[in-house]
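Listed after this line are the structures, all set down as structure tokens.
Heads up, the next two complexes both have chain A, just with different partners, chain B and then chain C.
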Partner chain A sequence: MYFNSLAFGVFLAVVWLVYQFTPDRHRWLALALASLGFYASLKAPLLLFALGLVAILSYALGHCIARQENDALKLRLLWVGIAVNIGVLCLVKYLQPIAGVLCPSLVPAGRQVNLFVTIGVSYFTLQAICYLADIYLGRVEPERHLGRFALYLGFFPKLLQGPIERAGDLLPQLQAPYRCSYENMRSGALLFAWGLFKKTAVANRLALYVNTVYGDVHSYGGVSLLMATYMYAIQIYADFSGYTDMALGVARFFNIRLTQNFNSPYLATSVADFWRRWHISFSRWILDYIFRPLQVLWRGGGNYGTAAALLVTFLFSGLWHGVAWGFVIWGLLHGTYLAGSVFYKPWASRIAQRLGFQNHPVRRVVQTVVTFHLVCMAWIFFRAGSVADGWYVLTHLLGGVGGYLAAAFENLRHLTQHKELVDPILLGKTLPRFLLLLASLAVFGTASLLRDCIRIQARSAWVRWPAYYLLASATAFLGVYNDVGFVYFQF
Partner chain B sequence: MISDRLKRVILTELQLDEFSLEDSTIADTVPGWDSLSHTRIITAVEAEYGIHFKTVEVIRLKNVGDLQALVDRKLA
Partner chain C sequence: MRMMENGARRFVAKGLFLGVLFYAVSLLFSALFAQAWDWRSWQDPRKRLLYEPVPGNSDIILLGDSIWISSYVKSEEDALWKVLEKLTGKRVFNATLNGADPPDFLNAVKLLPKRETTGTVVFLDVVPTRFLPRNYVEPAQGNYPGEFSGLVADGLIRRFMVSLRKPLLVFDTDIVMNCLLRKTYFSVGDDRPRVWAKDGDFALKRFQTFERYIVDTDDLRRMDWITGLKTALDRKGYRLVIVVTPVNQFLIREYAGKDKAEIYLTRISRARGALVRFLQENQIEYVDCSGEADADGFADLIHTNARGDEKVAEKMAGYIRLHRQE
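Coming up: the complex of A and B.
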């Protein structure tokens, strides 16, 4: 049941109605049953088993850790909890390759019953680990109510793709009494609608182009490869942030505020800044629970210790996305960027300060453009079907681009009459379709820029309602509705 | 109460002449105190007092007061 499906709309309406008439002390049960039903709709029994196992074991271990006075035993219990969650994650994620080796005949039957579907496990296992770590560090008390704890892990708006919520943020909200809030309903609906537009009109439409090129990279030249790479950067942002907005919007219907996961990531002025703006709940997780402990452990190595901690952290990040060389290279590229900046940044700042342009706007623009291209370079390996394809794209990105730009500039007024100039951009699609893509991107860009300036919810109904209708119309007219799930479902 | 000796170590690492460091002061509020300088500060404090902190002890620190309390426990 995807967020952008009619079935989900019906499901949400029913759950919300039931929630309104449920007494406060049983509201957790209403949401827990709804979340169970939501997860069960994937028809993947192993996932329900994994969620149940993680919930029960993490709940029990959380109490054991809190009660244990001996620090060494406390730490050992934490490691047991980490091992259990990583074990469940690995078992579910790699069940198919394991079955393929041990019992190949099981694999076709297993696919029929969705035995190898893994959606959501990567998120709630990390959430369970951070819950146990926070208890160990004395940041939170263990949750007494098993049902509420299970709901904390499996709350349906954030179950499939996060955000990864900290216990201190979500558990108190699940315990708070509920009063229907028109403001939350209104802002939740708008957030959901905005997320739906991003997913259907921007991400799905870009995917038509990106999949064409990245599905057969050797058939395309530099201009097309460059176009598809830029498009993918926008696609994955629109897809994932679209899902997040829908999740946050749905949660608001129940007066629950989930963590913001994105903050204009492509406006980042450095790769470190990018990771403070992209998949924020995940980057905070790896920063707090992998990077910081390693950095402190290896502090004797000074900057080299920090650089090594960054490389290990982002290797984990790559592997969390999937055990494939493409993800490993993506992770290590980001690790290398960040490790390099440990040595490079102090010098660059000092030079900029001495030359007097530390805060110059041109410097900021250059930093933003360079950062965006470093991130795009890493996205190539994230998206490509294989490392060989990724390497091909990287080494052919600029092939013929100079000549193309010169020819395009010469024939600017009659561009559409030159097939050899138009085809590399259209990527096999028709011109009207491409114009629809441009329209989607124009709406996306304009609305994103205006969103903070206009603060639509504070305006009068004369401004709000036309904006709502415009958004709904743009979604209906420009949206691509197919069965493709969200990109981050696969992680 | 933060000792003058600890204040001097922290401010020297951060290259600050003056800054008010109280028990409740957190890293984010001190200019230049980021994750890189944090480990330099910890290493400098260890060297100054001839003590060694466990990793988990450092991670548990929430503010300068916690750091002072940890130093006092190690010296006791």
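Coming up: the complex of A and C.
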């Protein structure tokens, strides 16, 4: 059941109505049953079993850790909890692909892994681990109510694609009595609508182009490969942040504020800054529970220890996304960027300070552009069908671009009459379709830039209602509704 | 059971009001658009099925794929449906779609109005190469899932949503974009009169793609979707007639090399024979146009040009005349 489906709309309306008429003390049950039903709609009993197992074991272990006074035993219990959750994650997510690689004869020929079977597991297992770790560190008390704890793990708006919520953030909200807030529902509906636009009109439309090129990279030259790579960077952001906005919007209908997962990531001035703005809940998780412990463990190595910790952390990040070399290379690339910055950043700052342009706006622009391109380079391997395809894209990215730009500049006034200049950009689609894509990107870019200035919700109805109409119309007109799916569902 | 709180009531009321207002305004804009613009004349005649309801008084309906969209003719007057109209004097509706597959044919049938009497013939083009196994997976939902999802639906709620969505022309991207940019649909770009042997390497490249995708096996793909289609059409009062369209054997002999050519021709002949047997066993009427087009009647391996279309149309018209006499 995708968020952008009719079935989900009906489901949400029914759940919300039932929630309104349910007595306060049973509201957790209404949401829990709804979440169960939502997960069950994926028709993968294994997932329900995995969620149930993780919920029961993590609940029990959480209480054991809290009650244990012996530090060594406490730590051991924590490791048991981590092992159980990682075990469930590996079993559900990685067993078949690993078996396929190590022992192909074990996996029936031609049988595809049902991607749906793994949806959500990556998220709730990490959430369970951070719950146990936070109890161990004394940050939170264990949740007494098993049902509420299960709801914390399986709350349906964030179940399939995050955000990965901390116990200290979400559990108090689930425990608090519900008082219907019109403002929350209004802002939730607007957030959901904006997320829907990003997903259908921007991400799905870009996917038509990206899939064409990345599905057959050897048939395309440098300009097309470059276009498709830039498009993918926008596609994955619009797709993932669109889903997150929809999830946050839906949660607000129930007075739940989930974690913001994105903060204009492509405006980052460094890769470290990028990771403070991209998939924030996940990057906080790997920072707190993998990087920091490793950094402390290897502090004797100084900068080398920190660099090693970063490499391991991002190797984990790559593997979390999937057992494929493309994801591993993507993770290692980011790890390398960050590990390298540990060494060069102090020098770069000192030089900039000496030359007097530490805070110069041009420096900031250059940093942003460089960071964006480093991230795009890593996205190549994330998206490509294989490492070989990714390598091909990387090594042919700039092929013929100089000549193309020169020819395009020369024929700027009559560009559309030159098929050889237009085709590499249109990527096999028609000019009207490309104009629709530009329209989607224009609406997306303009609304994103002006969102904070306009503050639509503070305006009068004469401004708000036409704006709502325009957003709904743009979504209906520009949206692509073929069953493309969400990119981050597969993780 | 508790009562709904004020905030919730307010939200529901406003939400419903906004929803109705949105729909009403969009419907108004769509009505104004339809009144002010002869939008149908701006649309692609090869996609008529997607924007025009199939007339209840059609005598012949053409169902099929790229083979019958007449890409390689000078103008619509030379298109297969127009030629067939001239030859038979009947009302012909073109319900073909470029790249359509069996799931799309089944969806197209859902758009046909129910007939009280069995009179209207539905011709479906089937080329024997369709049954040669290939090394890629065709989408299970066909090649037009998005388009058909806005036109046909199963289930009460979906049908209700489709009926709400249909009049909102202003949200149909293809319709609006076609009205903004006047397009030429015939004799433009690759879609122009062609003869395969006299037109550069267009047909050769296509044939090489065919060779890349075809699997080296004597097996044949399934044909039972044809009986499914017949059942669906019977229920609606239509008569299905399969037209076995010709394959350009001249091209195969020219481009494939002697040994490979024999293999391809044998397999295609076997596919054609299996198809005819299948149709006979399942009592499905057919018109065999296998040898109708000569060397100059093809644009590539399977697509005919105006010359080839005319030959096929004559054979189909012959079927119509024969059955009118019966």
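Methods note: the second predicted complex is superposed on the first by the 470 of 491 C-alpha atoms of A that agree within 3 Å, B and C clash if a C-alpha of one lies under 4 Å from a C-alpha of the other, contacts with A are read in each partner's own complex, and residues count from 1 in each chain.
Convention: a residue touches a chain if its C-beta (ideal position, glycine included) is under 8 Å from a C-beta of that chain, and two chains touch if they have at least 3 such contacts.
All values derive from a computational prediction rather than experimental measurement.
Colleague: Return first, second, both or neither, reflecting whether A:T306 touches chain B, chain C, both chains, or no partner chain.
Modeller: A:T306 sits against chain B, while chain C stays out of touch.
Colleague: Does chain B (first) or chain C (second) touch A:C180, or do both, or does neither?
Modeller: In the superposed model, A:C180 contacts chain C only, not chain B.
Colleague: Touch check for A:L75: first (chain B), second (chain C), both, or neither?
Modeller: first
Colleague: State whether A:L137 touches chain B only (first), chain C only (second), both chains, or neither.
Modeller: first
Colleague: Of the partners chain B and chain C, which touch A:W465 in the superposed model: first, second, both, neither?
Modeller: A:W465: touches chain C, not chain B.
Colleague: In the superposed arrangement, does A:Q358 touch chain B (first), chain C (second), both or neither?
Modeller: Neither: A:Q358 stays clear of chain B and chain C.
Colleague: Tell me which partner A:S349 touches in the superposition: chain B (first), chain C (second), both or neither.
Modeller: neither
Colleague: Decide which partner touches more residues of chain A, taking chain B and chain C as the two options.
Modeller: Ranking chain B and chain C by residues of chain A touched puts C first.
Colleague: Return first, second, both or neither, reflecting whether A:V296 touches chain B, chain C, both chains, or no partner chain.
Modeller: first
Colleague: Which residues of chain A touch chain B in their complex?
Modeller: Chain A residues touching chain B: 71, 75, 136-138, 291-293, 295-297, 299-300, 302-303, 305-306, 342.
Colleague: Using the touch definition up top, name the residues of chain C that touch chain A in the complex.
Modeller: Against chain A, chain C makes touches at 1-8, 10-11, 15, 18, 21-22, 25-26, 141, 145-146, 149-150, 157-158, 161, 168, 170-171, 173, 176-178, 180-181.
Colleague: Which residues, counting only chain A, touch chain C once they are in their complex?
Modeller: Per the stated touch rule, the residues are 6, 10, 20-23, 179-182, 185-186, 189, 431-433, 435-436, 465, 468-469, 472-473, 476-478, 480-483.
Colleague: Using the touch definition up top, name the residues of chain B that touch chain A in the complex.
Modeller: Residues 35-36, 39-40, 42-43, 55-56, 58-60 of chain B touch chain A in their complex.
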